[in-house]
Each structure stands twice: as structure tokens, then as C-alpha cells.
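After this come two complexes, each holding chain A, first together with chain B and then together with chain C.
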Partner chain A sequence: MQIVFFALRNFNRARTRTWITVGAMAFACAIMIFYASLLEGWLAGMEKNAVGMDLGEFQIHGRGYRADPDLYKIITEEGGVLAQLDRQGFVAAPRLHASGLAAAGNASSGIELRGVDLVREGLVTALNQHVWQGQWLAENDQAGVVVGRKLARILGLAVGDEVVVVAQAADGSTANELFRVRGILKSVSEGVDRSGFLMTAATFRRLMIVPQGVQQIVVKRQVPSENLDQATSRLSRLLPNYEVRNWRQLQPVLARLFEMSDISLVIMLLITYAAVGILTLNALLMSVFERIPEFGVMKALGFSPWGLFAMIVVESMLQVTVAVVLAVAVGLPLSFYFSHHPIDFSGFVQSSSTIAGIAFDPKWYCVVTVNSVVLPILFLYLVAGLAILYPALKAAMLKPLAAIYHR
Partner chain B sequence: MNNTPLVQLENVSRIYQQGKLQVAAVTDFSLEVQCGEFSVLCGPSGSGKTTILNLIGALDEPSQGRVLLEGRDLAQLGRSDLARLRRDRIGFVFQSYNLNPVLTACENAEFVLALQNIPHAQRRQRVMAVLAEVGMAELAERRPDELSGGQQQRVAIARAIVSRPAIVLADEPTANVDSATAAAILELMERLNHEQGVTFLFSTHDQRVMDRAHRLIHLRDGRLERDEVRG
Partner chain C sequence: MNRASSPACIFLALLGVCFALLGLAGTAVSAPSPDEQEARAILFEIDDLWRATSSQGTVRMQVTTANYTRTLRMEIWSKGKDKSLVRIVSPLKEKDTASLKTGNTMYTYLPKTDRTIRLTSSMMMSSWMGSHFTNDDLVKESRLADDYDPRITFRGKREGREIIEFTLLPHQDAAVVWGRIVMTVTAQGHLPLLATYYDEDGVLARTIYFSEVKKMGGRLLPAVLKVVPTDKPGEYTELVYETMRFDLDLPESLFSLLELRRR
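For the complex of A and B:
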């Protein structure tokens, strides 16, 4: 307790220097809390686009479909599978997939035809809310399609324009039909942007002569906190005759990117705090060296070497704690503000920019998490703790007499 | 009754290295100090007075010989043991007071008691009694920069005696104070020695201090010149 008392008394001793040090630490920590929250927000946005718009948390396919996508490798008992998933607490939506060619005017492009269950799709993904122009699909508009943003640009399509689709139907015949663009999607992913051609499941079945079965079932956990790997195992056990993959397995590059983001945060913390560490070390060294005679007297009066070491460490940690309080007082409200008022990079970023094939939103929101607040704080304590070691050890090892007469 | 001297120096030499030069501050010096003494190490500057106080106070180590406090050889003690010994058995009064600038007079005086983990209330009671003894009770909440040199020295004396050490080592305690203050400080120390039996060992070349001493240990060039015991 005496150590804390002495440390408290010394805290405000060289006010200017103490507050410059505290201010620098607080500034760096506040910036890092904000940066970490922004990074969390960016990643959450990426995950939302990847998982919430297109991939889903899990995908179920017939055996061999993923290695060689084929109109005939279908999940035949989709009704039974969907009912099983519902019973096990999952939310699922069936999808139909086929390849084809779309043409409008003189332009043509390969497309990925997707038949969507309008009721269930909205429960699993937010694709229906991601329409840039026009409207989402409707059951009563069998000729209406929604297309990806790049595809619309390639074909020169606008809402209301007509587009012809040619594909090989399941019975071997040529599927050929005229559609009208009902909506154009915002940027979702490289694949959907460039070739996404969405229609209702009924339209797809009629066009491609697929009376039953689906190529894909997209699944979401009802309890988001359930462990992804455990949920994957549960699904695999539930559906042993099908291929079950979670989004990390479907998009390993993206999963790695997310894992790397923690490392990038640590690297940023180290770089930022290296400067703070040097400043702190300098201030602490000055604080120790100018008090060497005083430390000598304290030792002469019976202060133990490790007591002195502890006092200097406590002094330093006290400064860090004040800096942390200031940083949280500034960094947290700043992060919360930008969690509601995004930073808009639309002017600098192409509207359909992608990373690892996943579109990212040019509006960056902060997402405040335990990680985004605790990690910068822990690192600050760590860096300051390392910075104080040398001066504290030096003070602890001083010989009282040499210290008293130190000039 | 224990006849072990409070302090024993046996053939002590202290040699400092200054560059390539070796300087002998104390040479083959022996001394015994008994409990309750009011003794003075006297001699001109450079005669080794402060060095001997530092050796007795476990602030310095002899190059040769042994220093014993209450029969314990200081060379056999580790850093932490020496810190404990200084805390519990020795009181220091420095020439330039050496009070902690961020602590009040009262907090400075209770510094050693705080290190001894004595409860706050008990600590405060003892310190206030000692501060009253040295005439500083009313200035207890002032910081060193709000006190005169003499007042600071009184606080330093209070700090040295409050823990009831075996011996108080005072290095030129009157060097930086005016004569009236010096007289008051000496009277105070004399009274503490007489009434409470506190052992004092001074270093000084101040005649006023020497006049009050019961024993004068004359030094010259780091050697004992004369050991004069008075009635």
C-alpha cells in the first residue's frame, strides 16, 4: 500500500512531462480503439456481404456437385431435407443453379442462372434488400429477373430492359426465353456481380425443365453464437448423404483474410505503440535519472531494492491507467459515433470493389467489440511495462551512497 | 547484560578508485561505540568522517576490515537485509536534509514507519509526538519547499528518531543552518540522548557540536588521531 501511496504522490510531480506522456499514450490508445473498431466493422461488413448476401453460413449440395457443378447432381428430397433442418433449429433456403448465355442488343455474356425461393431466401440472406435499382423478384412477375451490377453494365441493361436467355435445359432441349430486368443488385460478390441472373424458382423450373430437386440448400444458424465447426458437424451428421460445407470452407481465402486481420491489428498496435514506447521510455528514464539522489536517500532509509522497483512500475502503470481512462473516454464515444455515422469512401472506391471476390461496402462503420477495446489497452500496458523495466531495474540496483551523491 | 558494543569497526580501510588513482579515505581504522553515546567524529575536510558514517550506516562497504552493528558483520548481509537493517536499526540525518519534496513534513517523518508497515493511526500518533518534540507539530502539513533550512533539518531529525533506531548517524547536521538553529538542533539531540537514550554519532568540524559531545574521535588523513572521552 505504501508503494501505491508514494507512486500516487510522485504522479503529479513533473506535471508537464507526466501529462505529455499520459496524453501521448491516451492518444495512441484512443486511435487504436477507433482503428480496431473500424477494422471490426470492415470485417463485419465483408462477412455480412459474403455470408449474409450470397454464401450463407452453410451450403448443402449433392455429392460431387461442388467439384463438378452439374444440373443433374441435385438434392432430390429437398422437402424432407428442409423439414429436417427446420426441426434441428436451422433456417434454410433451396436454390437452383444452371449456366447459360444472356444477350441484350449486340452484347452477350455468360450467366449463372439462379432460381430463388422467395419466401425462404429472405430468411437466410439479405439479398432481397440489396437491390441497387428497381425491385426484388416477385412471384406474380414470372418474366422479371434481377441481375448483377457488372452484368448489367456489360449488357447495357437498365431496369425495364429486355434480355434474352439461352441455356441447355435438363431434358437436353434449348431453353430460350425473353425476360425483363426487374432489378439490379448492389455489389455482392465478384461472381454474382459479373454473372448473377436471378429469377423465381418457379420460373427457373419452367425454363430449365427441372420439375423437382435443387442444386443447393443455403443454411443459417438460428443461434448465431453456436460454434461454426460444431454446427457443421451437426449438419454433416444430420445429412450424411450430402456435402455440407461452412462458409469458411467455401471461401478459405476470405476465412484466412479474417484470421490475418487479427495479426494486422497486432502489427498496427506494435507499430503505433513502438513510438509511444520510446516516448514513454524517454520520459520514464528522465523521471528516474533526475531522482537518483532521492532514490539513494530512500534506500538509505530502508526502502528495499524491489520496493523501489515496484514503486517505479506502479508509478508507470498509474500513468498508463490514467491514459487508458482518457483513451476509453475519447475512443469509445468516437467509435460509437461512427458505428451510426459511417465514413463514406464512395468517392474514392469503385462501387463494386471486391476483396477475395467479396464486395465491400464503401461506407465503413465501426463495430465496437470487447476485442477492439481490450486489445489496444492490453498492448499499451504491455509496451509501457516493457519500457519501464530498464529504468526500474536500474533504480533497484543503485547503490545508496553512489545514488545520494549522483550528480 | 549484553556487553556487545553497538558499533565495531575492526581495522577498516576504505580505498576509492579515481581513474587510475587510488585514494585512501580511511586507513586501518578501529572504533567501538556503546549504546547511549553522544559522540563526534571530528577533523578537517577529507579526514574520513563521512566515509566512516557511511560505513557504519551500511551505505558503503570497506575495502578491508569489518564493520559490525550490534554484533552483526555487515559484509555478511545481502541487499535486502541491509535495507531492513537501515530501516529498523539506523537513523540518518544528512547534511542537506534530503527530505522527499512531494511529501509533507509529517509524511517525511513517518516514511520509515510506513516502510515498517506500522498501522496508519499508530504511525500518525508517534510522528506527531516526535514532531512536537522537535517543535514542528504546527508545520506538519507543509512540504519541504515551504520550510526553512532549520525546519527541514528538524523534520529530518524527527524522521531519524521516530522509528527508535539503535543509532542516529548525523553527517554535519549544523552545516547548512544558522547558529541559532544549530544551537536549537543540538539542544534537541542532546535532550533526546539524555531523556530517551538515543545513541548519536556525528561527523562535524563545527566547534559548537564538539563542545557538547561526550566523546570526540579526532581524525586526520583517514586515521584515528585521538579518541577523547569527556566527563
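For the complex of A and C:
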């Protein structure tokens, strides 16, 4: 208690130095809280774009389809599979896939045709809410298609334009039909942007002569908190005859990027706090050297070396605590503000920019998590604790007589 | 899955095999050996055999795959080395679908949508009309010759027949699909018997068998060509030339986009 009393008294003695140290720590901590929230926001946005937009949390294919996509490698009993998934607490949507050629005017380009189940797709992905121009697909508009943004640019398409599709149907014949652009998607992923050509499942089946079966089922957990790997195992056991992959397996580069981001946060914390650590070390060294005769007197009066050590540690931890309070008071409202008012990079980056093939949202939101607040605070305590060791030990080991006469 | 393709070329592809070989005859190479000279001379001869100044004929194509079997009949026209037109006669669903090749460009006319599409380079390795020929086979028919060097690699008796075997190796800077093409012709008359295509790793990718030699349009020609892909057991595409006429006076306008749309 005595130690705390002395520490509190010392806190207020050299006010300028104390508040400069506290200010530097508070500033660094507030910035790091804000930075960590930004990073969390960026990751959340990427994951939302990658998983929730198009990829789905899991994908199910017929054996060998992923290695060599083929119109004939299908999930034959999709009705049964979907019912099974529903019963087991998953939300699922079937998709049909084929390659083809789209042409408009003098331009033509290779496309990935996709037949979409309009009822189920919206339950699993948010693709239907990601239309840039025009409208999403509709059952009553069988000639209406939705295309990727880059594809629209390559073919010079606008909403309402006609586009011809040529593909090889399942019976070997040349499937060809005239469609009308109903909608153009916002940037989704490199693949969808460049070659995505979406139509209703019924239109796809008629065009490609695929009366039954689907090439892909995208799946989402009903309970998002369920562990991804456990859910993957559960799905694999449920559907042993098909290939089940979760989004981390489907997008390993992206998964690695997410893993790396935690490390990058720690590195940033260490770099920023290294400067704070040196400043704290300097301030505390100054305060120790300035008070050497005082410490000598304290020791002569019976203050133990560890008592002196503890007093200086408590003194600096008090400073850190005040800095943390200030940092939270500034950093948290700042982060919350930017969680509602995103930083807009639209002017600097292309609207269709992608990272690891996934669309990058130029509007950058903060997401405040326990991690984004606690980690910078813990690191500040750690760095300050390390910085205080040398001055505190120096004070603890002073010889009382020499210290009293120290000039 | 294979992408859609253009209609004019299956038979051309077959011819193309020969053309490719032949085309080499014209390639300027410094001081060829007598063997090379002979190889080129024979290829030139084969080239002449298939490539009259112009041709017209009817062809039946049967495609057998693991997933479907289909038969198409088509009418074909060619003029010189660079122009050819194929029009589907049956089945009814694809009637009047037509492919036009001029130089290195291919167009497909789709009667159902009344549209003509120019094929992009990304479509070149796609199947033509669901067969085991690619669009590239058709387009490259004349260029192949420019990209490969012929060499006689065997001369003698094989399976009771006197034959000559050529190996075509691509030029170092040639942008080609095949790493090697081996073609076998009869020693007498130099009629093609067999052509094997190897990929860049030297693995056999497909074989074309030429058979049923008969006289068509005043020329002795193999009437049946069968393409067998190595990686798809049991699958093949067979072309049967039903009629052929050569050295006709075909108008240039026949090979125009306007004519492509004629039904």
C-alpha cells in the first residue's frame, strides 16, 4: 500500500515528463486500436466478399470435377443431397456449370455459364444483392441473363443488349441462343468478373440439354459459430460419394492471407511500440537518475531493494494504465466512427480490383473486436514492463551511502 | 466440357493433317540433306494430292464419346490453301450451321439465332461440333506446315506393306500444340495411312487412321479418316468422304460472310 502511495505521489511530481510519456503511450495505443480495428474490418470484408458473395462456406462436387471440370461429372441425386443437407443443419444451393462462348457485335469471349436456383442461391450467397446495373435474374424472364462486369466491358454490353451464346450441349450438339442482358454484377471475383454468365437453372437445362443433376452445390452453416473443420468432416461423412471442400481449401491463398494478417498485426504492434518502449525507457531512466540521492535516503531508512524496484514498476504501470484509459477513450470512438463511416478508396483503386482473385471493396470499414482492443493494450503493458526493468533494477541495486552523495 | 466451335472444318482437319506436312515443302531451310529434300518432295506430292486448286464434296461425320453418339452430314468447299466452308446438312436441329475459314480466321454462322460469330483464340482448342477435332486443327491446316520440319524416320516393310514414315518436329520458335507428329504413307503412291500426334512431353495424344482408298473426283484418296484420342478409350470421330470433286471454278464470293448466312 505504501508502495502504491509513493508511486502515486511520484506520478504527479515531474508532471511534464510524466504526461509526455503517458501521451506518447496513449497515442501509440490509440493508433494501434484503430489500426487493429481497420485490419479486422478489412479481413471481415474480404471474407464476406470471398465466402458470402459467391464461393460459399463449402462446395460439393462430383468426384474429379474440380480437377477436370466437365458437364457430365454431376451430382445426380441433387434433390436427395439437398434434403439431407437441410436436415443436418446446412443451407444449400445447387448450381449448374458449363463453358461456352458469348458474342455481341464483333466481339466474342469465352464464358462460364452458370444455372442458378433463384430460391436457394439467395439463402447461401449474397450474389443476388450484388448487381451493379439492371436487375438480378427472374424466373419469369428466361431470356434475361446477368453477366460479370469485365465480361460486359469486353463485349461492350449494357443492360438490355442482346448477346448470343454458343456452347456444346450435353448431347454434343451446338447449343446456341439469343439472350438479353438483364443485369451486370459488381466486382465479385476475377473469374466471375471476367467470364461469369448467369441464367436461371431452367434456362440452363434447356440450353445445355441437362435434364437432371447439378455440377456443384454451395453450402453454408446454419450456425456460423460451428467450427469450419468439424463442419467439413460432418459434411464429408454425410456425403461420402462426393468431394466436399471448405472455403479455406478452395481458396488456400486467401486462407493463408488471413492467417498472416494476425502475424502482421503483431509485427506492427512491435514496431510501433518499440519507439514507445525507448521513450518510456528514456523517461524512466531520467526519473531514476534524477532521484538517486532520494532513493539512497529511502534505502537508508530501510526501504528494501525490491520495495524500490516494485515502486518504480508500479509507478510506470500507473502511467501505462492512464495511457490505456486515454487510448481507449480516443481509439474506440474513432474505430466506432469508421465502422459506420467507411474510408473510401474508390478514387485511388479500380472498382474491380481483386486480391487473391477476390473482389476488394474500396470502402474500408473498421470492425471493433475484443482482439482489436485487448491486443494493443496487452502489448503496451508488455513493452512498458520490459522498458522499466533496467531503470528499476538500477535503482534497486543502489548503495545507500554512495547514492545519498551522488551528484 | 468442350466449348462450341465452328462448323467448317472437320474434314479440313483431316486434310489439314496432310496439308501440314505438305506445307513444309515450301519452307526455306538452309542446305537440306538429300533425305530432307526427299521428305519435302513427298510431302509436296501429298499436298497436291489433297489440295487441288479447289474442291467440293459431302462428308459424313460420326462422333462416338462416352456420353453421346451423333452423326452429321455436311457439305464442304475449299479453294486454295486458305479458304474453306462447311455447311451442316443434317441433323435438322443443326441444319445450315456453317463454318467459314479464311486465312487464320474462323467464323461460325448459327441459323437459330441468325448470327455470325468470329471465333477467338481462346476457342481454338475447343472441340469442333462435338467431335475430337479442335478448331485449331482447322485453322492450322495450312500453317502447321510452316511450323514443323519433316524428316524420313523409317522406310521399309511394315505389316506387309512398303511404307515411308515421316517425323515432323516443330521449329524452335513455333507456337504449336504438338511436340511431334509422325505420319506414315504408302511407299507407292504416297497415300497417308496413319498420323500420330504427340504432346510436348512426348506422350501420344491422338491417332488418325486413313483407310478405304478409293477414286473420288478423279483422284485416289483415303475415304475414311478416324481420329482416336489416346486419353479417352472407346471414343473416336470418323469422317467418311461420300463424294469429292476437284479443280472446280468456285467463285470467291462463296467464301464470304454473306454467303455464310445463305440457307
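Definition applied: the second predicted complex is superposed on the first by the 407 of 407 C-alpha atoms of A that agree within 3 Å, B and C clash if a C-alpha of one lies under 4 Å from a C-alpha of the other, contacts with A are read in each partner's own complex, and residues count from 1 in each chain.
Throughout what follows, a residue touches a chain if its C-beta (ideal position, glycine included) is under 8 Å from a C-beta of that chain, and two chains touch if they have at least 3 such contacts.
Just so we're clear, the structure is a prediction, and the values are computed from it rather than from any experiment.
Partners chain B and chain C, once the complexes are superposed on chain A, both fit on it without clashing. Of the two partner chains, chain C is the only one touched by A:Tyr72; chain B is not.
Judged by the touch definition given at the top, the superposed model places A:Val266 against neither chain B nor chain C.
By the touch criterion defined above, A:Val325 reaches neither chain B nor chain C. Contacts of A:Gly302 after superposition on the shared chain: chain B is touched, whereas chain C is not. An angle of 150 degrees, to the nearest 10, separates chain B from chain C at the C-alpha centre of chain A in the overlay. Of the two partner chains, chain C is the only one touched by A:Val164; chain B is not. In the superposed model, A:Ser108 lies in contact with chain C only, and not with chain B. Closest approach of chain B to chain C, taken over C-alpha atoms in the A-based superposition, is 80 Å.
Interface residues of chain C, counted against chain A in their complex, comprise 1-5, 7, 63, 65-68, 70, 91, 93-94, 97, 108, 110, 112-113, 115, 117-120, 122-123, 126-127, 129-130. Across the complex, chain A meets chain B through its residues 2, 5, 9-10, 13, 293-294, 297-307, 399-401, 404.
Across the interface of their complex, chain A is touched by residues 54, 57, 59-60, 79-80, 83-84, 86-88, 92, 94, 98, 100-103, 107, 111-112, 114-115, 117, 159 of chain B. Only residues 69-72, 98-101, 103, 106, 108-110, 164, 166-168, 170-178 of chain A touch chain C when the two sit together in their complex.
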